[in-house]
Amino acid sequence: MQTGQLLLILAAMIVTAFIMGRHRALQVAQPLGGIRHLRSLPFYYAMRSAIWCALPALTVLVTWLVFDQTLIRIMVLDSLPTELQPVDGTARNLLISQIGNVASGALPTDFVDAAVANAAGRLNQLQSISAMAMAVVVIVLAMVGGAWAWLRVSARMPAREQVERVLLVVFMLCAVLAVVTTVGIVFSVLFESIRFFGQVPITDFLFGLNWSPQMALRADQVASEGAFGAVPLFAGTLLISAIALIVAVPVGLMSAIYLAEYAHSKVRSFAKPALEVLAGVPTVVYGFFAALTVAPFIRDVGQSLGLSVASESALAAGLVMGIMLIPFVSSLSDDVITAVPRAMRDASLGLGATRSETIKKVIFPAALPGIMGGILLAASRAIGETMIVVMAAGLAANLTANPLQAVTTITVQIVTLLTGDQEFDSAKTLAAFALGLMLFITTLLMNVVALHIVKKYREQYE
Amino acid sequence: MSVTTEQVRKTLARRYRAEKRFKAYGICAISIGLLALLLLFTDIIGKGYRAFYEYSVALQITFDPESLEIDDPRDLEQLQYGNYEAVVREALQARFPGVEGREGRRALAALVSTAAGYRLREMLENSPELLGQTRTLWLQLNDDADMFLKSSEAKRKTARLSDQQQTWMLELEQSDEVRAGFNHSLFTRGDSREPEQAGILGAILGSFFTMLVTLALSFPIGVAAAVYLEEFAPKNRFTDFIEVNINNLAAVPSIIFGLLGLAVFIGLFGMPRSVPLVGGLVLTLMTLPTIIISSRAAIKAVPPSIRQAAMGLGASKMQVVLQFVLPLALPGMLTGGIIGMAQALGETAPLLMIGMVAFIVELPAGAMDAATVLPVQVFLWASSPEQSFVTMTSAAIMVLMTFLITMNTLAVVMRKRLERRW
Amino acid sequence: MDIAEKMNVFQDAVQVDPRVVAQEHMMTGENLYIPEKTVGAPFVDDPKMRMRDVNVFYGADQAIHGVSLDIGKNEVVALIGPSGCGKSTFLRCMNRMNDTIDICRVEGSLHLENQDIYDPKLDVVELRARVGMVFQKPNPFPKSIYDNVAYGPRIHGLANRKTDLDEIVENSLRKAGLWDEVKDRLNSSALALSGGQQQRLCIARALSTQPDVLLMDEPTGSIDPIATAKVEDLLQELSETGTIVIVTHNMQQAARISHRTAFMYLGEAMEFGDTNQIFTTPRHPRTESYITGRYG
């Protein structure tokens, strides 16, 4: 039975439970002289029945769906004879996909080992058993739950309190999901990173100057281990982010100041949404723009000036990333600038200061912490930005500070290492997670500091 | 006149110069921003508008049973293996009788898209009586020929057509045997290796299913979390911790969510790669903070007097929240939801991590079918070398931007219209 | 700056809708005589500032209706009246602080020593250096005490040397009666001062450019009574040497420190005369009901 069908059946059962629960509550109320003799409204009895019908069944359903594939896979692999047991993770993945292909009919059985064909048969068998069992368990649970709740309906039962308590727990779980996500991120990158550092020493990773993760095909080849010195990546990321910030901070800040302090309301009502459109442009579009328009343009200009410019120069990626960050910096600056109390402006203007003097000498210093926080957030975005650099920055890990050369970044390497043919568990894929860990730690620190500064700053004027 | 006035006057010219300069910086900054926007849009529209129409050529097609190797058009197997290219080739040779040699004939045949064969087969399948008859048909051109016709005089010299092919095309153009029409395949097909046959419908459907999953999960969960934090959560360190987490997650790079999806959904739970369901799950986690933050703001904006009035009547806290606060806060929440969806719709990086970069021709029919999404399609096409794919990429971007701008406008309009003044 | 913020600034001016108030009076049966012109003595010979037929609009709303009066040399003029009567708005016309509000429009003639304040050729920076202002809420900059007072002289280039600047700062702080309290911590943040000290610091800051006229918008409106007493002492001292226009809610304060008092009501100047006369024998019935506490 398909999961979709099962869900439909379950939904129908929940609705039935609701209707029957309500009916029963009304029935109970009738001899007592109306629903006001019930402790809760009939709606809550109905909700209670529906919850009893839905919650246990859904919990089991979700858990089942999450874990059945993994379990079945383990069982199938265990059924293979010892000589076919995979030796490492790569072989394991290969074998699993082979069995899967045979089972789905994509690969004819006579192409593979008889044992593998058997395993494929077993896979199909287990999967249908699992699906049947799941359907049966879920439906029975829903029926039992609904029936139990239905039987328990009584005038004195605090149905509303119970329903509300369940809802509250559900609401709380939703809020806790944020924590779960963070924990999930930390663990998913941390575990793989630890495995990576088991293969490549952490000092080599953090301080190595050479990055060439291409594993050699034959063991006797030079650099068969690959080199995992991430310094060129860090440097490249910093270079591109710095270019982006050099563009975005002055432009964004001055735009915000101009719009907040000078611009006529007509200009503002046009320019502000226009900048917001810039903020809504997907990064992949910026990447396209950088790779196909800006980078060739810069290269041509450089050539006409007699400079040698790489076709994937850091300058192009940085410039476009700067454009992307303009609205971000400008809206954050706008927030902090308008948060400076009017009284400060009045005091300065009242003393005869010009507008620009007021801005430069009073508003800007007062807003500085908030602006710094905003810049830090922008920097964290620049470091974590992926698509622009994937499309417009290079792959070669050059250690250079020349913006006209091609550099690579952390995010570019994560994408290159994890897309294309993947061998799970190889140092190459694990390196991506180690880079992810670095990225997460850096941006997390920057965000925490930035958000703290911004919050403190807001409190100051509240 | 006081001493002060005199002294102030002396400084005035300098100060007003500084004032003007400062203002000019501001105007410069705004102009840079607006110019960048203008440049971006003109660049993309300039590159992409040509993908919305395509050229086809008028050919006298004879459904010759011998060339087609079909004697019974009702036999599906025969139909499937029919040699439709031969018919097209013959029609082309009939139009340009002087072409000699294999090379020349091949060059001539290359002008027409391979999609023409599918079209002929479809026609024959629908009306078997066509067999043996001759029809004038408008057939889709190959992308290079198409690009040649779309290009300006100056650019035609650099087109990817041989001199001979260019002369043929010019001849066809002068005798009005080619015409431009709306590019239907752009909106009716999935990806393809042949630019003229590639479309964005597959990506649009993929995006649709992904967004469906994201919306179905992130909006209810986000609203529930916001309600909890704003109305029920005790003021303790755990609640603070949750809040810090949400604020940080909102600023975590999206690619990290992709790593999470890869490690947990695919690695740990064994979910399949490239499917909208996993994409939706990852994007849900990514958009949740946005939705929670905006929903909280919307809940905060509901004045306490309404809560007190309802509670004064003996409603429970939960009843107050569900029956009064939520309906009043809903417009704000929906606005936040749309903005979160727009953010998710434009997101690429995390989806690359979970394998939504595969080359998929078939149109997905559900959230469990392998699919790609619009921004990823843009990424994929952007890295293709063909000039036509650059045009297609820009066209896909235009479609994507249309969706995004519509969503954002909708959010703004909703905020304006449904905004309640208390 | 957003519209809501602007609304805040002049909410004082539009809080009371004149029509509603007039209606209220009709309903309570009060039938008061409303004169066309300001009663008393609104004009003086050789005034420091001369205002004639001043009208102020916020968008479509008129906040000041044809006010005409003079500010004499070296005199302290108090503007009193119920909230929303336009006294702050009128005060802010005198150094064109209303310019900072986009939708505000000022009509009529305002002169400072024969110079038209609203002359397009007049420089507003120069004007504000000559007509200083102290606001209701103490608004020190988030800088050191020294920098707060030195701000005006610095932007206007009034001191060529550090010692000149030190002198100006010390003199201003002495005039504001704050010198002894802060001379040891001139470099600590002004925000660390108490509310009353902050307000005296703002007065010192306003005095630092040696303005011809000092405008004070309820300078004791948001500080505690003890601090108010100190500020009032200071005002009394200042009144001996300079021209001051002070808006106040506090009639005792007006009586104590001002030479002449104007009573404003619903955007009009009802009565203007010697402070003693206004408080002892008001000529206008509305002035009388205000100072006897019937409304306000």
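Order of writing sets the labels: A, B and C. Residues in every chain begin at 1.
Convention: a contact is a pair of C-beta atoms (placed from the backbone, for glycine too) under 8 Å apart; a residue touches a chain by one contact, two chains touch by 3 or more.
These numbers were taken from a predicted model, which means no experiment stands behind them.
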Which of B-C and A-C has more C-beta pairs touching across its chains: A-C
Relative to chain C, chain with the most remote C-alpha centre: B
Distance from chain B to chain A - Cα centre to Cα centre, in angstrom: 20
Centroid distance [mean C-alpha coordinates] between chain C and chain B, Å: 60
Averaged-CA centre spacing for the pair chain C and chain A, given as whole angstrom: 56
Contacts with two or more other chains, residues of chain B listed in rising order: 8, 15
Shared-contact residues (touching 2 or more other chains) in chain C: 125-126, 129, 155-156, 209
Numbers and ranges of chain A residues touching at least 2 other chains: 352, 354, 357
Residues of chain B defined as touching chain A within the complex: 8, 15-16, 18-19, 21-23, 25-30, 32-34, 36-37, 40, 43-44, 47, 220-222, 224-225, 227-229, 232-233, 241-242, 244-249, 251-257, 259-260, 262-264, 267-271, 285, 288-289, 292, 316, 318, 342, 345-349, 352-353, 355, 357, 375-376, 378-379, 382-383, 390, 393-394, 397, 400-401, 404-405, 408, 412
Interfacial residue positions of chain C with respect to chain B in the complex: 123, 125-126, 129-130, 155-158, 209-212
In the complex, chain A residues that touch chain B: 66-67, 69-70, 73, 160, 164, 167-168, 170-172, 174-179, 181-182, 184-185, 188-189, 191-192, 250-255, 257-259, 262-263, 267, 271, 273-278, 280-289, 291-293, 323, 326-327, 330, 352, 354-357, 359-360, 377, 380-381, 383-387, 390-391, 411, 414-415, 418-419, 424, 432-433, 436, 439-440, 443-444, 447-448, 450-451
Chain C-facing residues of chain B, complex: 2-5, 7-12, 15
Chain C-touching residues of chain A, taken from the complex the two chains share: 260-261, 265, 338, 341-354, 357, 361-362, 365-366
